[in-house]
Amino acid sequence: MTTSHREERTFLDSQELILNMGPQHPSTHGVLRVILKLDGEKVIGTECVIGYLHRGVEKIAENRTYAMFNPYVDRMDYVAAVSNGLGYCLAVEKLINVEVPARAQFLRVIMTELNRLASHQVWLGTHALDIGAMTPLFYTFRDREEILKIFEKYCGARLTTHAFRIGGCQYEAYDGMEQEVLTFCDFLLPKIDEYEQLLTTNRIWVERTKGVGVISGADAIAMGLTGPPLRASGVKWDLRKAQPYSAYDQFDFEIPIGYNGDTYDRYLVRIAEMRQSVRIIRQAVERLPQGPIMAKVSKMLKPPVGEVYVSIEAPKGELGYYIVSDGSLQPYRVRVRPPSFVNLQALDQMVKGQLVADVVAVIGTLDIVLGEVDR
Amino acid sequence: MSVASVLRKTFFVDLVKGLAVTFKYQSPKEIYTEQYPLQRPTIAERYRGLPRLNVNPDTGESLCIACDLCALACPEHLISVKSERDPKSKKKVISTWTYDTSRCMFCGICEDSCPTDCLELSQDFEFATYSRDFIIDRERLETGLVPKVYER
Amino acid sequence: MLQYVTGYLSQPVTPGEAGNYIWALIYILVVIMGVSGVVLGMNWGERKALAHMQVRLGPMRVGPHGLLQPFADALKLLTKEDIIPAGADKLVFSLAPVAIIVTAWTVFLVVPFGRTHAITDMNIGVLFMLGVSSLSVLCIVMAGWASNSNYPLMGALRSSAQMVSYEVAMGLVVVSAVMMTATNTNVGTLSMIGIVEAQASQHFWFIFKFFPLGLIAFVVFAIAMVAETNRAPFDLPEAESELVAGFHTEYSGFRWSLFMLAEYSGMIAVSSIAVTLWLGGWLRPFASIHGPQITIPHYWRGGALDFAASLLPALCMFLLALFCLVGAYRMPRLRTFRIQTAGLTVFGLGLGFIGMVLLCPPVRDRVQDIFWFTAKIGVFMYLFIWYRATFPRYRFDQLMRVGWKVLLPIGLGVLILTAIVGVLL
Amino acid sequence: MPEDTLGNSSAPETAAAQAADAKSSVGSQGEPPVQPAKPTGEEAPKPLAAPAAATAAAPGTGAPAPPAAVPSKTPAAPAKPAGPVPEPWNEPLPNDLMSRFGSAVREASTYLGQAYLVIDCAEAPEVLRVLRDECQFDYCVDLTAVHYPKREATQFDVVWILYSFTRNQRVRVKTQIKDGDTVPSVVGLWPTANWLERECYDMFGIQFAGHPDLRRILLPDGWKGFPLRKDYPITQQDTEWVRENLHIESGQ
């Protein structure tokens, strides 16, 4: 399994222990490898080794047409595939300067927020599992299953949804979708209370998460943290509010923030975000307008020469697409700004001086998906 | 620290709350596991599973007009369509249509691009095989895979 | 022969005390086989209970409702390739699992399943149990060190620190319980059987004695014993999300199964200490209340409540049998399930048969003690599983803090107060 | 108590202010980092000026469209044949920069409402420092590069995407460099650029001068070639590396 790197001891103090965590370690969320320099159990340095899941998504994009590349982005952050797709579609729509019909925008919001719930549920389950609470994983996955069922009914796939197309949505809401989504909202809120009952006040959970992986707001900005990690540090910044896209300015919701920037606050922020997502979904379903769901977009998409950077608030942070078009059928360059990749960079700063057990807690709280880190 | 919080801590209220949740879920009614081969999952109507080539139910002729759009649209270029001209009707008629399951990511773009509703992603999701013949030809796609019945 | 057996069994003394080596050997075999069997059962029970708490089904495939799963697992573990890592210290590596199982089983020498159902009654029984069970630290350190790998080493380090520090608190509250035995007689005892008999004679389980001192002592012990057995939420030595599998990361197959066996045996052992010291050992609840005298059978000279209680073991077996039969009835009516349904039916009928045996008068009387003792231990086992399903894991420094800064002062306070109260009363 | 920690965002501004107080780089103006969505210089495309960078991009069209992707019929014409073009970015910020750095800031434009600057590589650290310290662009969103092998003088565009919380504004800063040139590292300005520059080096082979630890990040050490360059075909693989390290023959 994992082996020590004894040969690296030559340049290190002999009192330090090099512990190789991953890529097959149970709590590195996939294939992250962290090389820990330990003084006893205390972490004095980390080095992340990533790239085990590198598939060259950006290179693939240069060899596909705009529409063809759409399903590939689902494979980056595979627990939030809908968000990935939304970001990509918005970027290309910006590039070709197309306005998406209102109904499609609302459908997109419903799907994206459902996906945010699913992503946060996966995060909660795995994070709790890392800290040793086994059971929340099963509860969150059970409830996430309802979301996946809605996804399956809406777009025919559960995980890598490919739900949106450039210019709108391919799929009209299925019969009874509104009702089903509302029922799900009613179903989920008590379940979130249950997760909280298991964890929020639990003294072990509080001790394990409070004061662990603290990062101040200024440091978080300097490290480029986005999403819940940034908000838990007290910076009230959410792209859905700051630069609204896809009709988010029409919904009434709050941006939960934390104060201490520790793991516990990030936990609370995400839990609160789940409640806010439910709120957004309810509004979107209730105000779902009628009309077309697809704008007029050419099948053989040839955007004009130019470049755009469009980013959205994915569950994990700012997910940006920088697309350069040379006027041909294929993008000249697609750059993905992956939130997990940038957030993971803060790991070193956040775990320095803490214990080995905190490393897994911080990896969990950063909510990384290696498919997105490595792309 | 208020008195209440000290009391709560002393009497393990926070832990008991959690214990109550797990205790409650022990009821066999709460079990969520689906015993798959026995219990069939409900597949959504729009499920994107194995492709199916629809035939005209009246005439038994393929709806495919060999326009090659699906092959062009496929991001993985895994569909290959070959056609020949029917000498009598002078129409383009599909001769072979093959498809590679091992590379397919079931994105549904081929389905979207089909102008005649011939190509459709079906609800069939059980196409694991013991052999490596991932390339599925037209006949098999037209009849559809026979659902497996699992025996011990 | 039969007469000899029944004659011996009716002696009011353990084989160890009697100096009867043959019977002691038989008892030892019975206890070891019994504990191993219970561990197998617990394996199934834990997986089932844990699964149900986690809205899963648990093992379902091997045997009806996965009843044969532990046997399948045991078979698999025994047939696995025996791997010793290249850099390991081979002697210590293979010695550690054997040593740990030896310590885990040695503890059961003094566990009193009933007045006479113990292998022996040592006058330092409690001390012996604590002493031998702390030997397992040594084995864990051996395992961790011999593996010559970082994760096991860290697991072993954690384990040794954890078990040593929780033993202190544990020892203190155990002493307070021992002191309670001296209340009326001024002569305390360390003998496990003596402690239970003291509870019987004082008509008090020690958990209720000097309320709340006994209760606090029990709670401290209950927490410390979870830490002592490396179970959640104190399962740091084998924390799978941090240390992969802790001290037994490099073990596989048969050696690994010995560690598992030792862990579960250890759980039973510490639970039996807790049961003996605070929960009245083999005594049934309200053992001092007998109800109106009844004289139905000639051999019965107890009260109605005693008689009713003596029926309980059989009733429990019948209940289990009923459970199995209902389960068999509710099995899906499919051809593939024929064998499973038949198996479950046979299992249920077997349980029913055991229940019938337990109803027979001589067995009924002898089995009662064991029944109550096991039932109490069963509650603890359930608690272990329940904790595991619910709680997150402590961090190492927090664990030490809880041990030294919370449990130790409380244990010390309980000890002093017990002494004062004991002298005053 | 834990219940108090998250006031459910009832007092957001105070929290933001706390964070701002922690270090002065956040919200030093005393205003909340988030303003309600105001299109400050964004979302206002007006076709006007000549597309400088875009025209530079046009000859760099390295990859010809695969014949399979073009059907026999003429490709459907884009909806707007002319397309939007960059327009000058007339705001105090770029004007200040222009006057301060003179010709080092070659261009300040907006395209589809998104502002960008094109600067000289030599002046890049100074311009970026001014952007961070004086214009509150305290968040480096992304750092990447684009390869234009057909371009004569400069083969790479290096792009910094910056964001300012106080202004709620994004700006792209671009510079053009020759293949083999080094770009000054901005790790000192934004620590987040560390991995981004490493990735940029990994994918394009662009050297960042002053980077503390410029190694490959996604690809294994010792890999040959830089995959996101246009002259690196999509199926190419360092077969030698694969053979030596994975002990398999490359499956290509």
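Order of writing sets the chain letters: A, B, C and D. Residues in each chain are counted from 1.
What we mean here is this: a contact is a pair of C-beta atoms (placed from the backbone, for glycine too) under 8 Å apart; a residue touches a chain by one contact, two chains touch by 3 or more.
Fair warning: this is a prediction, and the values are worked out from it, not measured in the lab.
Visitor: For this structure, which two chains have more C-beta pairs in contact than any other pair?
Guide: The chain pair with the largest number of C-beta contacts is A-D.
Visitor: Per-chain Cα mean versus the mean over all protein Cα atoms: which chain has them closest together?
Guide: If we average C-alpha coordinates per chain, A lands closest to the whole-structure average.
Visitor: Between chain B and chain D, what's the gap in Å when you average each chain's C-alpha atoms?
Guide: 38
Visitor: CA centre of chain A versus CA centre of chain B: separation in Å?
Guide: Each chain's C-alpha centroid was found; their separation is 25 Å.
Visitor: Counting in whole Å, what is the centre-to-centre distance of chain B and chain C, each centre being its mean C-alpha position?
Guide: A distance of 49 Å separates the two centres.
Visitor: Averaging over Cα atoms per chain, report the distance between chain A and chain C in Å.
Guide: 45
Visitor: Going through chain B residue by residue, note those that touch at least 2 other chains and give them in order.
Guide: Those would be 15, 18, 21-22, 25, 32.
Visitor: For chain C, which residues are shared contacts with two or more other chains?
Guide: 53-56, 389-391
Visitor: Mind pulling the chain A residues that touch 2 or more other chains?
Guide: In chain A, 135, 138-139, 142, 198-199, 201-202, 204, 299 touch at least two other chains.
Visitor: Under the touch definition given earlier, write down the residues of chain A that touch chain D in their complex.
Guide: Residues of chain A touching chain D: 50-51, 54, 56, 58-60, 62-63, 65, 94-98, 200-201, 206, 216-219, 221-224, 233-238, 241-244, 249, 254-260, 264-265, 268-269, 272, 296, 298-300, 302-309, 311, 318, 320, 322, 324, 326-330, 332-333, 335, 337, 341-342, 345, 374-375.
Visitor: Under the stated contact criterion, what part of chain B meets chain C in this complex?
Guide: Chain B reaches chain C through residues 15, 18-19, 21-23, 25-28, 30-33, 35, 38, 151-152.
Visitor: What residues of chain A sit close enough to touch chain B in their complex?
Guide: For chain A paired with chain B, touching residues are 64, 67-72, 75, 135, 138-139, 142, 145, 149, 152-157, 160, 162, 165, 170-171, 174, 194, 197-199, 201-204, 299.
Visitor: Within their complex, state which residues of chain B touch chain A.
Guide: 9, 13-15, 17-18, 20-22, 25, 32, 43-48, 73-75, 105-109, 112-113, 121
Visitor: Would you pull the chain D residues touching chain A in the complex into a rising list?
Guide: 2-3, 5-6, 8-9, 12-13, 15-16, 18-20, 22-26, 32-37, 42, 45, 51, 53-55, 57-58, 60-65, 69-71, 75-80, 82-84, 86, 111-112, 114, 138-142, 144, 146-147, 159, 161, 165, 168, 170, 172, 190-192, 194-196, 199, 203, 216-220, 227-228, 230, 232, 234
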